[in-house]
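Below are two complexes that have subunit A in common, paired first with subunit B and then with subunit C.
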Partner chain A sequence: MATVQKERKFISIIGDEDSVTGFLLSGIGHLDARQRSNFLIVDAKTPLSTLEEAFTEFTQRKDIAIILITQQVADEIRHLLDEHQSAFPTVLEIPSKDQPYDPSKDSVLKRVQLLFGE
Partner chain B sequence: MSNQRLNVFPTRMAQTTMKLRLKGAQTGHSLLKRKSEALTKRFRDIIKKIEEAKLKMGQVMQVAAFSMAAVNYIAGDISYQVREHVKHAQLRVRANQENVSGVMLPSFEVYNEGANSFELTGLGRGGQQIQKCKDTYTKATQTLVELASLQTAFVILDEVIKLTNRRVNAIEHVIIPRVENTIKYITAELDEQDREEFFRLKKIQTKKKEAKDAELEKLSADVDNEPHSILTGSQDQDIIF
Partner chain C sequence: MATDAKQLDQLIVEYFNKLEEYEQEVAVLNTLLRQGQWSLSQAKQALGGPHRISRYQYDQRMKAQLRVATNPAGNGNEATYELIRWVEPTESVETSTADEKNETPGMSQLKQRRPQASTSDENSENDSSEEAEIQKDQSSPLSSKSNSHDPLRWFGVLVPGTLRQSQRYFHQSITRIVKLANLKVQLNQLAARINSQRESKVNNL
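== the complex of A and B ==
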């Protein structure tokens, strides 16, 4: 279960334009041999199916260790996030620029609260 | 379920085996219980850390978003430029492992590889601001990676604790009672056999005694009617040839 995850070395990001740009600027962006990127910019026009596809692809790729997803986007595909139970890749909800972070929506924190029965 | 017993022959050997098994199960139970306690302690630590890290993340992201806004104000929209320059990841993560009572917990570590692909971004204007923004986001990434390792550890530990608790309960409520029942059954059965054996021996003894008595009686009866003496009998007629 917890085998060495050596080949997982990239951080992928799904979010609004500014968040993604910021993180890409820090140097996490990567294009692999088949020109697949590890990021997705979501705006109001992005269809839900694209979002779902991208998230599923990122969770299934073997070279991604962490998926950053802004909470606004996470809310749209909440069902996929709740389904994602495995430890790798880790899905991390981050606050987006124009929306404060709401801990009560976070899938992981929800599980924490469930465990303590609060 | 717990009233069942294992399917064994009630022999002394089986009894010894069962006793050993019971001892093994008890040792295993106490060990697993201790493991589960150690893991739970670790788990609570991690949860506390996660909550702290999430709060820290909120602040860090706020600062990062602000610096991004500053870049947008000075350098204009660099989003497209940045996206087009993405080739190879400069910041990568490496997974190390930490052993907590036999559970491998990964912890991610950020490392730099390759050159900065945005050296020319903002050459026209706002280069300094962009550099600052890059630094801020790099720091934010480090915080997020820490949080991600905590979260991974959380998920893995959660699973392992559930598994361990399930095992502890299975040993406590299924295996131990079942072995105890088996031992009880074997002991009862062996006692029963002992009693039967004893009774059988007694019975044989009485039977033998009876047989002996009967013989003795017969003998003493024989003493009364002594063997016939041929001399005392009536005289035979002489036989004349």
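== the complex of A and C ==
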């Protein structure tokens, strides 16, 4: 099991075009031999099914360590984020370009409420 | 019994310390991302429109230069994720690894063929003062001596300074993100320990 986790090496990103471009500028973007990418650009035309499939794929891939998802996009697939209880890959919500970050939606802070009550 | 209660208190204190650290990191990340987005918007404006910096310029052969080393046994004292700068084995002969040494000579020649060609291509571009500036600007621990695969190049050779600035902000964001991911793992581990401690306390009653 530990060996499997050690193969996790990529940081993936799901978000608006500017957020994805910014993070790819930093050098996290990767296309493998099968042209599978570790990022997804979400815009108004992106079907929800595509978004759900991408998130599920990223959570199931054995080479992804961290999934970044903009909060605006995360809101659309909140049910999938809540279902993801596994430690690996680690899912982190980040602010999107058009919407300020809402800490009350953060899974870590939501867990505090569960742990210590309201 | 008293020891259990003391242990639980210690765990809760540790949990809240980590939580505070997490919130501080989130605040820093938000600022960095805002600055990165702002610089990116300025770069787009400088280049003449949003289509000049978009998904259509991405390199379809991109390879991740920033990766993480995952240590699944990581706990409160040991980080689960560590940021590493990855250099493609084919990128330069100097970066030969143990794996390459085990390869057949034919393989290594094949591997060397491409980088030599690309190096000669890149040399002409490296001559410009613009590139020298890029290397100077990227004097972060994450930057490498060779910037032939720098994603900045997807958008042209002479890119606006604001785009480089944006890259730096996003670089810094990645460092924070790895810290946040480590903190999240540690907080989840602590939460699990608190829960099990509480359960054992109830069972002992």
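Assume the second predicted complex is superposed on the first by the 114 of 118 C-alpha atoms of A that agree within 3 Å, B and C clash if a C-alpha of one lies under 4 Å from a C-alpha of the other, contacts with A are read in each partner's own complex, and residues count from 1 in each chain.
By our rule, a contact is a pair of C-beta atoms (placed from the backbone, for glycine too) under 8 Å apart; a residue touches a chain by one contact, two chains touch by 3 or more.
What you are looking at is a predicted structure, and each value in this text was computed from that prediction instead of being measured.
Engineer: For the combined arrangement obtained by superposing on subunit A, do subunit B and subunit C clash, or do they fit?
Structural biologist: clash
Engineer: Once the shared chain is lined up, is A:E53 touching subunit B (first), subunit C (second), both, or neither of them?
Structural biologist: In the superposed model, A:E53 contacts neither subunit B nor subunit C.
Engineer: Does subunit B (first) or subunit C (second) touch A:I66, or do both, or does neither?
Structural biologist: both
Engineer: On the A-aligned overlay, A:H30 touches which partner chain: subunit B = first, subunit C = second, or both, or neither?
Structural biologist: A:H30 contacts both subunit B and subunit C.
Engineer: Based on the superposed arrangement, let me know which partner A:E83 touches: subunit B (first), subunit C (second), both, or neither?
Structural biologist: neither
Engineer: Which parts of subunit A are touched by subunit B and by subunit C alike?
Structural biologist: 1-2, 5-6, 8-11, 17-31, 38, 41, 65-66, 68, 87-88, 90, 92, 94-95, 97, 101, 103, 106, 108, 111-112, 115
Engineer: Residue numbers of subunit B touching subunit A in their complex, please.
Structural biologist: So the residues of subunit B touching subunit A come out as 47, 50-51, 54, 57-58, 61-62, 64-65, 67-69, 72, 78-79, 82-83, 86-95, 97, 103-106, 108, 112, 116-118, 121, 130, 133-134, 136-138, 140-141, 144-145, 147-149, 151-152, 154-156, 158-159.
Engineer: Please name which positions on subunit A make contact with subunit B in the complex.
Structural biologist: 1-6, 8-11, 17-31, 37-39, 41, 65-66, 68, 85-88, 90, 92, 94-95, 97, 100-101, 103, 106, 108-109, 111-112, 115
Engineer: Can you tell me which positions in subunit A touch subunit C when the two form their complex?
Structural biologist: Residue list for subunit A touching subunit C: 1-2, 5-11, 17-31, 35, 38, 41, 65-66, 68, 87-88, 90, 92, 94-95, 97, 101, 103, 106, 108, 111-112, 115.
Engineer: Provide the residue numbers of subunit C that touch subunit A in the complex, in ascending order.
Structural biologist: 15, 19, 22-23, 26, 29-30, 33-34, 36-37, 40-41, 53-55, 58, 60-73, 80-81, 85-86, 142, 150-152, 163, 166-167, 169-171, 173-174, 177-178, 180-181, 184-185, 187-188, 191, 194-195
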